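The data blocks that follow each hold one structure.
Both complexes shown next keep chain A, but they swap its partner, so chain B is in the first and chain C is in the second.
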Partner chain A sequence: MTHAKHSQAMHFQARAAEKVRNPVLQRALQKAKPLFVGKRAKGMAALGEDGLEFEGLRSACVDIRNRVLADLDVWLAIFEERAKATGAEVLWARDGDEICDLVIDVARRHGVTKATKSKSMLSEEAHLNEALAAAGIRPVETDLGEYIVQLAGEAPSHIIAPAVHKTIHEVEELFAKEHGRPIETRTSADIPAMAREAREVLRQHFLSAEMGISGANFLIAETGTAVLVTNEGNGRMVTTLPKVHVVITGIEKLVPTLEDFATLMRLLPRSATGQTISNYVSLLTGTRQPGDRDGPEKTVFILVDNGRADLLGSAYQDMLRCIRCGACMNHCPVYFSLGGHAYGWVYPGPMGSVLTPLYTGIENALDLPHASTGCNQCGTVCPVRIPLPSLMHRLREAQTERGLRPWSERLWLRAWAWIARRPALYRWFARRAARYLGWLAGDEGRIQVFGLAPGWTEGRDLPVASNRTFHELYAARKRA
Partner chain B sequence: MRLALYVTCLVDLMRPSVGFASLRLLEAAGCEVIVPSGQTCCGQPAWSAGDRAPAVDLAKKAIAELEEFEQVVVPSGSCADHIRNVYPQMLADDPEWSARANKLAARTSELSEFLARQPGFTAPAAFDGTITYHDSCKGLRGLGIKHQPRELLRKVSGLSLQEMSDCEECCGFGGAFSVKFGDVSTQIVDRKCATIAEVGADAVVGGDLGCLLNIEGRLRRRGDQTTRVLHFAEVLAGGDS
Partner chain C sequence: MTARDEILQRVRAGVGKDDFAARRATAEAYLAARSRGPQPSLGHELAARFRSKAESLASTVDAVADPAEAPAAVARYLAAGNLGKQIVLAADIASLDWSGAGLACAVRGAEDADRVGISGCFCAIAETGTLMLLSGPETPATISLLPETHIALVPVSRIVGTMEEAFALLRAERGTLPRAVNFVSGPSRTGDIEQTIVLGAHGPCRVHLILTGQS
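Now for the complex of A and B:
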């Protein structure tokens, strides 16, 4: 768990408090949410036009992912063999540090001074950009969102929309500074022009970088192929123009066949952006062959564990089905109150609240599994039916089992449960509590400052309708 | 039919009128209603906190006192979900208790789904005004409660239902979440209140007291002193239940 050191997940509570009070962030989030939700809903509603149906497709996707996870070692061995047969090199990394070492080693072997990157969450897990820079290699993010976030010196706040937390004005300031021009007033109508400006800058990098680094949405075992699902086309530049292409991806990203990949593709873009298919789908197999007009001379796969193998066969194995579509966060009321940075590590939202404690240590992310209302809007939309609330619940139990909950919380719970098992005593306490609440609430019938639950009354009143409990009124009524 | 009314700990402590309204409605539906006298709490708070032992103890207690009834009716989607969906899962490894949990689960209904199943049942009340309905998460996504309360409410004379946008969106209550992460919870319920305000209904109605307290508490804090916040049982039963 080498990456606990990079995780800020222990500061969730404090960061959350800061985020809800940031009006600029809140504006950006409130603008984005209906877009995400609306687009997915439309995409799913249109499934019928293609003779498809969500639950059936979902089951098929779950089966594919489960089949891979049941024999992951075998599928990995097949992938390795097939990928090598196409001329690629296959390397293995146990954790983020090993990813960095391997990438830097490949870079040195090929005299690389600049690397263009398309989106890779694994490179975030490894803090690869920092390591590359320290080794004298310049990393350039080329996904527009990632480019913005890199200019701002921040981490992505969403797995498919890395800069969703930024307003257009913030982006304009960053661009003006980086591109050496005065700041202009921008509206959303200027977005294409701003994108063009970034593209022009990035083009120089695409042409001069010696190495391209990408993630992969899937690895196809039968063909040794890496699949990239993107909307901007930068992925194609990154993976075909430089002489070396490094694919960094988690070992769980495998699917057995092209057919399986096609099935998963029915739900991935629809879940993510509502698109039937993304603008670009690249299947990258092997290196440039004689007669090919483009493609890298060298392809290197770095397949990463970083905590994944430990989940196999565990109570959390379902989480490995994740295809990183982002639908869970797009439908999460907590995510849209805070944005991704509050979560403190690479993955935000519900999937992050499960993955961060599992990959960085349960004791290093105590708040995350509790940072959920239990609404299950995530579990309802997840294309591979990951029971996210149940997994968060399992993590809460693990915290209790390991004695990681505050003793005061446990004491309260245990005392309350002890009383709740004794109806007469419980009634006595409930009556006292009702009197007390009634007294605090006064004639207005609501409490505005409640010392026992300050978290409640900070932003809300506590309405109190009666200073008698149901059971005492009911008993009195029966006596009458 | 002889059935048990499980009033829930929150109704007992915070809003007895919901319990009495439920009682009246079930009697109006022709049921013989027993309020088992030993009932306290279904144990959901302990379960949600991740403290399994007390959650199991309270589950067993509830099963023991409720299993003799033909039907158990609960005026809360969240507690009904806990009894119906969580008890069997929680006790799955214990053959005896698992069987008992499954039996109880099969006999447990949330109030609106129970009433909607009773042929010819119409609410005794009238309501003069417009309402908007908030779907609480556990009832909606755990039990599939959506059309039942609406069907019942639509039959109330004088009542008109006007849907708010995003009525299925979580209100941010989440039990202990609302206290542990009070500021996040407030942020979420504030959005809910904004969509309620857009509709401008006379009352916002729901089926889970936790959510209703959350919504009412925030509406009042935002300065809305007039929009009423009611459990559907209170609307259906009418009067000063």
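Now for the complex of A and C:
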């Protein structure tokens, strides 16, 4: 069921160390972070002008997503019936390999040699591009960011800004190579010309591909519809021009009604980019109708499990509410220190630190639930109120319960627990530790090099407030 | 066991309830109720709101009192931007006198070489400054997608407050959804190179709206 074979999440620490020391990556990240945070804040503040507020909308969005998850079997049945009634085919895939098999089969049935793709994170879970290429079908990513990472032979490093880790100079090198021209010196004033160049190259692919592959931001049960939310218009291209449209999406992406979708749309773009609405929101239902001049003759939905059903009814069910806005990673200090590739699988940032162990196996992503400062910025901005830090804590507990932590850590914890259950002994140790730290800190009250954990003081001092324990200070205060 | 049956079995196990028929009836009742979430208060000046929101999303907006004046307004816009006189038109607005305004029009879906596409709209949404376009024999989706310039005629009488109101109008007038309902809010854009916003990613670089009629 899982895809541990493609995951690099077990190498998180090594990759993180490498990413922290990569100056090009650090420059790209430092440039992006304030933009993401500022845009969202502005977008949310503007809700007030229309008499709306974040918490009220958020509760409504949580209710919609919970309603679907509580009876997902029912909503899937309704969606399947209604999508079929509009003329679409509905297929099911247990895992990534089955996604690839189904897409290749549809492609072969329709004589497809080239497929244009709009962003689909599920196709990343399935490694669909590799499978298509191996089957002789050329996949072309058309979201500009996805196109850039495809040219680089990389995976996206962010779920809504796939090339956020790339600088303009890296993009220029990739374009020059792919488009067969010399490398030029580029500044940000050249970005429109570079986007134009990609537009012209990709336009020819849009016109010639026989198949369009997209994900879906939502599926609407009421109408059997897939929704695509994009800014570039590539989502419209791949669902309008080719003769076959394949939608690959997770079984948890359902919402009941058009009204519910409208409610979620008030928070999705604002959470992602701060926009009140994305440029293009397309509701795609069935196939080309009699008399229509465009649209696919064949529409196929591939509804994917790949680990999702197992989260239903589990301690992690809240994670299935996720609407993939990216706000959690946009506000994460760990994400912006490392970029998305350090996380080693499809989903980075806090949502990835929860999803990767759940979808690829807890034993295959031991570091990710620990890749958190516990600041809860992610939980604070999440539009569907997913308690991301709590879920990471739960995963840490699961690691301990399954004996997956290193023996030294378990030994320390056992020793600490033994002492902590003996108050007199605990106080004695605490007093010794406080005196020791106080002595190390000296008159300035700061420890510059802490020998027991040198990493902590590598780039900063450790301030020490007092050489007395909390118990001692509290007792002294009560006496006074 | 087929993939479908196995996935649904897992989902049922996770949901952990067995009264499928009763839950299905509850779900159908929920669908029928079409209840709305928190609604914005938009005031009564929907046309003004639509206009200012559309402009904030980098669309340009003009207004004419009578739809018959729209072709001349289009001709003026194209001349001012040096955008030529060749236009591709959606059939639902072809009855206006376009050639009388000096424009060479083709009534069909748009192709790659077309520079200017002109459409009407099913309705427009004041909350976000958004056009609602339906695909159909008379309203090809390509017109608002392939040409670099998209011009849309927006009857002021067709401006509604929210997406929910637009859906209510769609249900009342059409009943079912066409292949594509496209909500369009300004020219296409990308921020994928160093988070710098560029207009004209894959779709139109320019969106010009002409409000027609009185509110």
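List of remarks:
Definition applied: the second predicted complex is superposed on the first by the 428 of 480 C-alpha atoms of A that agree within 3 Å, B and C clash if a C-alpha of one lies under 4 Å from a C-alpha of the other, contacts with A are read in each partner's own complex, and residues count from 1 in each chain.
The rule we apply is simple: contacts are C-beta pairs under 8 Å (C-beta built on N, C-alpha and C of every residue); 3 or more make two chains touch, one makes a residue touch a chain.
This structure is a prediction, so every number in the text was calculated from the model and none was measured.
Once the two complexes are laid over each other on the shared chain, residue contacts for A:R94 go to chain C alone; chain B is not touched.
Legend: residue contacts after superposition of the two complexes on their common chain; A:Q13 is shown touching chain B, with no touch to chain C. Within the superposed three-chain model, A:T276 lies in touch with chain C and out of touch with chain B [touch as defined at top]. By the document's definition of touching, of the two partners only chain C reaches A:E222; chain B does not. Comparing chain B with chain C, the partner in contact with more residues of chain A is C. In the superposed model, A:D461 makes contact with chain B only, not with chain C. In the superposed model, A:A161 makes contact with chain C only, not with chain B. Applying the stated contact rule after C-alpha superposition, one finds that A:A131 touches neither chain B nor chain C. In the superposition on chain A, A:I104 makes contact with neither chain B nor chain C. No residue of chain A lies in contact with both chain B in one complex and chain C in the other.
Across the complex, chain A is touched by residues 2-4, 6-8, 10-17, 20, 23-24, 26-28, 30-31, 34-38, 40-42, 53, 57, 108-109, 112, 127-128, 130, 135-137, 140-142, 145, 162-164, 167, 176-196, 198, 200-204 of chain C. By the touch criterion stated above, chain B contacts chain A in their complex at residues 7, 9, 11-17, 19-20, 35, 37-41, 43, 45-52, 54-55, 57-58, 61, 137-138, 141-142, 169-170, 172-191, 213-214, 216-218, 220-221, 229.
By the touch rule above, chain A contacts chain B in their complex via residues 13, 16-17, 20-21, 26, 30, 333-334, 337-338, 369-377, 379-380, 393, 395-400, 405, 409-410, 413-414, 416-418, 420-421, 423, 426, 430, 433-434, 437, 446, 453-466, 468-471, 473-474. Note for the complex: chain A touches chain C at residues 28, 31-32, 35-36, 50-52, 56-57, 60-61, 64, 67, 70-78, 86, 91-94, 98, 142-145, 148, 161-164, 166-168, 171, 188, 191-192, 194-196, 199, 202-203, 206-207, 221-223, 225, 231-234, 236-237, 239-241, 251, 256-260, 262-263, 265-266, 273, 276-295, 303, 305, 309-314, 317.
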